[in-house]
Amino acid sequence: MTTHYLVLSALLFAIGGIGVLVRRNAIVVFMCVELMLNACNLAFVTFARQNGNVDGQVIAFFVMIVAAAEVVIGLAIIVTIFRTRRSASVDDASLLKY
Amino acid sequence: MGETITFWVLAVVSVSAALGLVFSRKAVYCALMLGVVMLSLAVLYAVQDAPFLAAVQIIVYTGAVMMLFLFVLMLVGVDSSDSLVETLRGQRFWAIVAGLAFAALVALGIGNVVFAPAAGLGAVNAAGNVPSLAELIFTRYVFAFEVTSALLITAALGAMVLAHRERLEQKATQRDLSRERFVKYGEEGVDPSPLPGPGTYARANAIDMPALLPDGKISKLSVNRYIARYEAEEGTIDPKVAEILEGEDK
Amino acid sequence: MTAIPWLSILMGVSVLGALGVSFLKNDKVAKQATLGVSLLVLVLAVVMTVGFSPNGDRFQYAETYDWIPSFGVHYAVAVDGVALVLILLSAILVPIVVLASWHDAEQGKRSVRTYFALLLVLEAMMIGVFAATDVFLFYVFFEAMLIPMYFMIGSYGGAQRSYAAVKFLLYSLFGGLLMLVAVIALYNVADKNSFLFPELIGAVTDPTTQKWLFLGFFIAFAIKAPLWPVHTWLPDAAAQAPAGAAVLLVGVLDKVGTFGMLRFCLELFPDAAKWATPVVIALSVIGIVYGAIVAIGQTDIKRLIAYTSISHFGFITMGVFAMTTTAASGATLYMVNHGFSTGVLFLVAGFLIYRRGSQFIADYGGVQKVAPLLAGAFLIAGLSGLSLPGLSTFVSEFMVLLGTFERYAVPAIIGTTGVILAAIYILWMYQRTMNGPTAESVAEMKDLNGRERWVVAPLIALIVVLGFFPKPLLDVINPAVKESLVNVKVTDPAPVVAVKEGQ
Amino acid sequence: MEPAEILSHAGGGAISLAWLMIVLPLAGAAILLIGGRATNKWGHLLGVLMSVGAFVVAALVFLQLIGLDPAQRRQSVNLYEFIPGVANIGLLIDPLSISFCLLITFVGSLIHIYSIGYMSHDPDRRRFFAYLNLFVAAMLLLVLADNYVALFIGWEGVGLASYLLIGFWQYKPSAAVAAKKAFVVNRVGDFGLLVAMFLIFAQFGTLSYAEVFPNAAQASQGVQTAIGLLLLLGACGKSAQLPLQSWLLDAMEGPTPVSALIHAATMVTAGVYLVVRSGAAFFPEGSTAGLVVTIVGVATLLAGAIIGTAKDDIKKGLAGSTMSQIGYMMLAAGIGPAGYAFAIAHLITHGFFKADLFLGAGSVMHAMNDEVDMRRYGGLRKLLPITFVTFFIGYLAIIGFPLLSGYFTKDGIIESVMHHNAILGWLAVLGAGITGFYMTRMVVMTFFGPKRWDEKAHPHESPAVMTWPLIILSVFSVGLGAYLVLSNRLMVFLSPAVGRPADLPGFHAFTVPGLVTLALVAVGAGIAIAKYGRSEVPVVQPRGSFLTVFARRDLYGDALNEALFMRPGQWLTRLAVFFDNRGIDGVVNGLAAGVGGSSGRLRKIQTGYVRSYALSIFVGAAVLAGAWFVVGTL
Amino acid sequence: MITAPTIEYFALAPLLIIFGAAIIGVLVEAFAPRYLRRAVHVPLTLLSLVGAFALVILQTIRGVPTTPAAMGSVAVDGPTLFIWGTILVLSFVSILLINDEEQFVPSAASVPGSAEEEKAITEGAAHTEVYPLALFAIGGMLLFPASNDLLIMFVALEVMSLPLYLLCGLARRRRLLSQEASVKYFLLGAFSSAFFLYGTALLYGFAGTVDLVGISRALAAAGGTETLLLVGTAMLGVGLLFKIGAAPFQAWKPDVYQGAPTPITALMASGTLVAAFGAVLRVFWVALGNDSWNWQPIMWGVAALTMVVGSILAITQTDIKRMLAYSSIAHAGFLLVGVMAVGEKGQNALALSGLLFYLVTYGITTVGAFAVVTLVRDPGGEAWHLSRWAGLGKRSPKLAGLFAFFLLAFAGIPLTSGFFGKYAVFRSAVAVGQGWLTGLVVLAVVASAAAAFFYVRVIVLMFFSDPSADGPTVVTPSWATSTVVGFSAFATVALGVFPQPVLDLAEKAAKSLFVQ
């Protein structure tokens, strides 16, 4: 069963990763990152059961806290740049290059 | 057996939702899809002896984080939708290749491992999941726990910095506002009174309904230009309002 | 062994002088101060030389202090005969260059005192690089001296100066960094926890390791020297550098390369050096002939001189790697003589160019008529460039060829064709610039003034005196070279026919 | 008889002061050059004084030397250590070197004196004397050296002086080019000499005559021959022998006294000196090297003579003659001890009569506003009586008119060569005949016939300071030959230095070759008189037959050099420069440009799109994971 | 009953001081009047750094603990203390640069170029929050290399990064670029931390613990072929290599360095790099030390790619900060060479001391260089474009000279600190005595020769080109900036001539290695 969970987690992680690469809306991109974090959490929880200790669960718990903080900061940044550019597309922010 | 069924159902759901997240044009749908994934995962946590996490997942993630996302989506424009035409050459192709390769590699890595039967958390959770978690959090991981406070403060502070506009002058009082209105009236002839209410003859109390003057005419002041134009485009506009708009446009 | 730290004093005086000069407000005073400091260094160097006993210990005036114990690095300086004469060469050239560059730095609206301060910094580093008996310290000076020279070329040079300066720096840096790897590896392989040169002799025994390390050192030195085919930075750098800087560049800096080959490549890695000898000799011979032929085809005076130097460096490296006493002593002497000879050639060319404002040979003609002294000085300088007997360069070139022939006859013979080519490039240049009807553009040219005569005279005197009486230098050089060759474990080939004494 | 052993001089007497011979003129040169304009007034006098001083020293040394027992007559004087372990500067005083010294200083002094007059109008006369002094010093060092290194210093020193003097009127491009050419061609010879020295040093571990010569025989045959041939190459360069002859004719661009001293009397004979000096060691009788020397000698002898027949420039005609005469000397030197004395004797007498001829030519030019074209002379004998007489004596001497110098010395050479190799001998005889022709042509065109010069020219006899040297030289041209050759005086004198054949040859007045020679000379002279004396000489040079043009063009020597060396050399130079700029430097710059270009292209990867960056991370992660996988499971 | 955890307050004191000061700073923001805030923040921040530094020194003197603190989650050992000291010093000078209010936006929430912003500027508004934010970031930097398990390392990573994401967006000039830098840094940072986390998960699955030593033990028991371990390490590596800017994870660095306010760039380029390398060392040496043959080849490729990419791409840069960013990438590549130089204990100590020394020298020089960048200004702010630097050597020779000196130090010219830094690292790599590693060193020196080109290019511009008429002005530096420049220059010289004292410290710190 563990393997199944892990494969699911890997799939979700990869899908999240692809999402980051193909979506242009900064918020959606960020959601995809959240999806990746969730995939990690699934792995932690699965391993916790597999290993027979709750460290994994604790870590998943911490990840949730961290993710929450990250979301706040991230969304604040996205909103700021939206206010300036009137656009949430990450492709528009490409002045810095080469 | 129950777990297997749950797993497969939720696996399908969560993967579909994840794909939906990636491929929906509308950001709100994406958010909803993400919510579905999170809820599915919460259930899977619960199945895997992590009831506390399942709860936290629902409360913190689905409840708070997703709300925040939606909030910001609303701010940014809820109906904005992504064009799905890729502008970067090769981006999508390589993204999918990399994603598949990545997934395959990880799956291979996982598949290669022959897991012993799960140790299970029965013994650890003997006193309950929450106490065992609490013990770890407040002993082994207590420093991490403390340090997360720094993160939360940073988050709050960051939100303040980026969103909060500090008042640079005294807040205007009623008196100031009133004085300003009448000065304006004196100089430019702008009516100092508030905009008209729906009026006595009104049939509805909504912002898209202009106020009616006693003579049954529409009060120009009460026409919401933004909505009117929208309606004009949709073809649902009240002809009287349209008249006024036309008059203004000329 | 004397209690007075002569070498440190020499460097210290230069560095303090540089600091002092850079803080002076008045350019004229700055020049005079520079001249004073460099003369003081010269006097000290001469005193030091007089106190040197050629047949005493190999390394004299030794000072050794721990510098960076973690790296096994010492501040260790001392001189043997070879280093001593090269230090003396630097000490002699610097005041002359100062005097020659009196107005050079004024052309470009650039800081005059910076130029002279850089000169003094460079002098300190030149002394340091020859005096260092710690391999690491040597490396530090080796690399660090690029910087003042880089600024001298880049800030005060000709139209293409920044290209030339960058090329110079990168070329040298590239070689230097490879050498750095070899230096590090040497330390590890030798496993003595020390970079002191005497302790490292014979420390690397594995033949393969020796070869790699040798290559690391050699490439750096070959670029520095410069040996064909890594020579192309020199014509650019020398042509663009102000004359004074070009003198120090070609006259002294490049000698670090050949000095390094003799001191480090040969003594630290004798087996690898022997292994590489055929290639090095071949490259040297190519350099001799090739440099000379390309020199013939040059249209720019300074580039031409630079290419002649490439040819000359071919002789020096050939002498070093022939590994006979005569050749190696000759090569060392060549380093000194070439410094004087090319020095005066560059300086006189510089005077000429300063007057006319062009480096192109075609812009001159018949200068001898209007400026006979200038022409005469140019001729003597040129003749020393073609190793005319009676001038110092002949002695060294002769010794190199003679010594090389003992072991490698064919390369020596091919190298000897260089003397014919040398006559062509020097005399043709002289003919085109100085002889023939006086070109209109040079009709008003002034002859050497007092200052310039003082620049040229000492060098020419040295060239002539050493041409007839090189013994004092050779007496200092020979013991050191012999000891080097002992470390390399080679003996001179015996003459085929034993000549009985007294016959 | 073998040469005597070289002894180191015990000290005392003029011999230990022999270095003064070199130092006096050297000091003169130094003073004049360094002193600059301040010495303008008396510079020429100082020059003469130094030269004469050197002659006095040479004479004293000579006197001391002949006072010694013949076996003691090779004394070496060590002066100082030059290159430790390689060479000292030392002098070898022996009959050979002192003969040269006397010739050099005596003729040199006369020419110094002559130059006072000849150069009186030149603003740079002081410099001229400085160079002359320099030359004398270097030449003396050359002949006095007791080892090859010191010899080489003198060798190149005279080359330098020659360069400076040919190019004395450097503002003339032709002079500048001629000077450079002389130096470069000489350098080719020097190359041979240098390699010879390397070989000697590698073989014997020394370069001193005293140590090399006695052991020469121990070296292998091949090495000996190689050394000999290399020395010969050096000698060819300095003595303008084939194939390095081309510079000498151009060298006539120098002032005439220079041509007389350097390019006739002394310097060009240095090659002969070298061969004779090393003769016993590296050109022994019957050796391959010796044979080559004789062949070179004969070839040059004929070539020079042929060139001489077609030249209208009086100096060039004389230069061809010089080549030819030196060819005789070489020829003699090549046959071994039997020829040495004749070679040297001819060298000495030639020194006098050729100097006489050149100075005479100079006197003519002086009179004719520096006109050198004989077609514009004619009938000068009455206007320049002293010049004519002295020139005529020199003429008789060179064509070997009986009882004059040339007769004894040249006949001696022909006779000894005849013994050695008849073919070479007859060729030499032929050369003598041609000599008769071209010298007669010269005399006829210059002094006889109608005058053909411009209205502007006002020929006049030269001042006494110029005529006296002519007179003295012509006196020696008359009698010196007989003195040296009769009763083998010179051969005996020289024998400690160069050895001599076991039995001394007697002088035979009327041998077959001798008579044939005389006859051929007469025929040659007759043709010349017939051609140039009886008929009008056109002022403008006629086109001439193929043979004439061949001779006029120096036997196409320059053309050959140009085709074989100069043009390919120029191409090579251009190629090398191109290769250096585009090839080697091209690679360096190309590398730099390549790095720069790749930088310019690679930086486009940094598109500015955050999604691209994320892609690179994602791909990187996949690659990293894959790599880890591969490495880990391998 | 849960037994109360033991917390070694003394060992953790530097961290606690920093976090404490940050929280006080937040309180100041909340309660102090606007005009007072700055006056409180600056001394508070600087004093807290000084205090933390003093405590670090005190601990060093007292003797280095041999067991991890805070229930095994924070390893305060020799290397940590050295890194802490380094970060604190670098932060101190960076804070002095941050002190320049010209650099930061007065009101981040207002739209760039709007009337509101104008008004905020004229009113003299300022985001004094940067001080507590910077302190939080510094706290994270301190914790990151000291983390003894992967969880706290993750948390530290976020503590360090989140304030930096924010700070990057606060530049006063070129707001668009600044915000773009911020959003890019944030998105990519979050993306890479997801990888870090996933790697942590896999390693947890492999070892049953996230404790570094625990992983090492599990590794010893299992051997190196566990696929979970392999993939997990790779993922973890992605997260860490991202932070140090190794290729192919370097893309954020130029953009972020260019867009961020220069003082923040200085802080990131020095402090973050040091912290990240500390973490890299800890993970790869402590947790994966027994597995070195597995990660060395990959690290080899990454290092080679990093130094080549950094050196080559820098050549054609036209923006000074961007160029320094690429230079930083190249330096990261050089540093990675040292990371690979593992072997037996002595060798590890050698490599560690070399790395520590390199980090010190590079950090100090970097701060100095960025400090100079803050001083060269156009009317619109800092003169970033290289062409604007032409002829600076004539207009203000001292500043240009100092900058040239910093550049030479980057290039590793002897008698500058950069030389000994490089030397120390390369030496340790060569000392391993493996051909492949020595080959990498050769590649590194070739790359640094190429890298020298672009440093030299700037020098050429400054000194050998003629100044343009409307060239940038050099503002008179404030006392703080002068201090920074002066300190950096002094340290660069001093470490270039007498590196021994700092080398001694580094050696002493490295001798005990990381606690196991």
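Read from first to last, the chains carry the letters A, B, C, D and E; within each, the first residue is number 1.
Methods note: a residue touches a chain if its C-beta (ideal position, glycine included) is under 8 Å from a C-beta of that chain, and two chains touch if they have at least 3 such contacts.
Here the structure is a predicted model, which is why all the values come from computation and not from measurement.
Here the chain-to-chain distance from chain A to chain E, counted in touching steps, is 1. Between chain B and chain C, the least number of touching-chain steps is 2. Shared contact partners of chain C and chain D, listed by label: E. Of all chains, D has its CA centroid at the greatest distance from the CA centroid of chain A. Put simply, the chain closest to the centre of the protein, by Cα centroids, is C. Farthest chain from chain C, judged by C-alpha centroids: B. Looking at B-E and A-D, the interface holding more C-beta pairs in contact is that of B-E. Distance between chain A and chain B, defined via averaged C-alpha coordinates, is recorded as 16 Å. One finds 44 Å separating the Cα centroids of chain C and chain E.
Measuring from the averaged C-alpha position of chain D to that of chain E gives a distance of 78 Å. Centre to centre, using the average C-alpha position, chain B and chain D are separated by 105 Å. Residue positions of chain B with contacts to 2 or more other chains are 88, 91, 94-95, 98-99, 102, 105-106, 108-110, 113, 140-141, 144, 148, 151, 154-155, 158, 161-163. With touch defined as above, residues shared between interfaces to two or more other chains in chain C number as follows: 170. Counting partners per residue, chain D has 592, 603, 606-612, 614-615, 618-619, 621, 625, 629 as the residues that reach two or more other chains.
Annotation, chain-chain contacts: A-B, A-D, A-E, B-D, B-E, C-D, C-E, D-E (touch as defined at the top).
Against chain D, in their complex, chain B makes its touches with residues 88, 91, 94-95, 98-99, 101-102, 105-106, 108-109.
Taken together, the chain D residues at the contact with chain C in this complex read 33, 80-86, 89, 149, 152-153, 155-157, 160, 163, 167, 170-173, 175-177, 179-180, 183-184, 187-188, 190-191, 194-195, 197-199, 201-206, 210-212, 214-215, 218-219, 223, 569, 572-574, 576-577, 580, 584-585, 588, 592.
Within the complex formed with chain E, the residues of chain B that make contact are 105-106, 108-110, 112-113, 134-135, 138-144, 147-148, 150-151, 153-155, 157-158, 160-166, 168.
Against chain A, in their complex, chain B makes its touches with residues 3-4, 7, 11, 14-15, 18-19, 21-22, 27, 30-31, 34, 37-38, 41, 44-45, 48-50, 52-53, 56-57, 60-61, 64-65, 68-69, 72-73, 75-77, 80, 82-83, 86-88, 91-92, 94-96, 98-100, 102-103, 106-107, 110-111, 113, 115, 118-121, 123-125, 129, 132-133, 136-137, 140-141, 144-145, 148, 151-152, 154-156, 158-159, 161-163. Residue ranges on chain A touching chain D, taken from their complex, read 17, 20-22, 24, 29, 90-91, 93-98.
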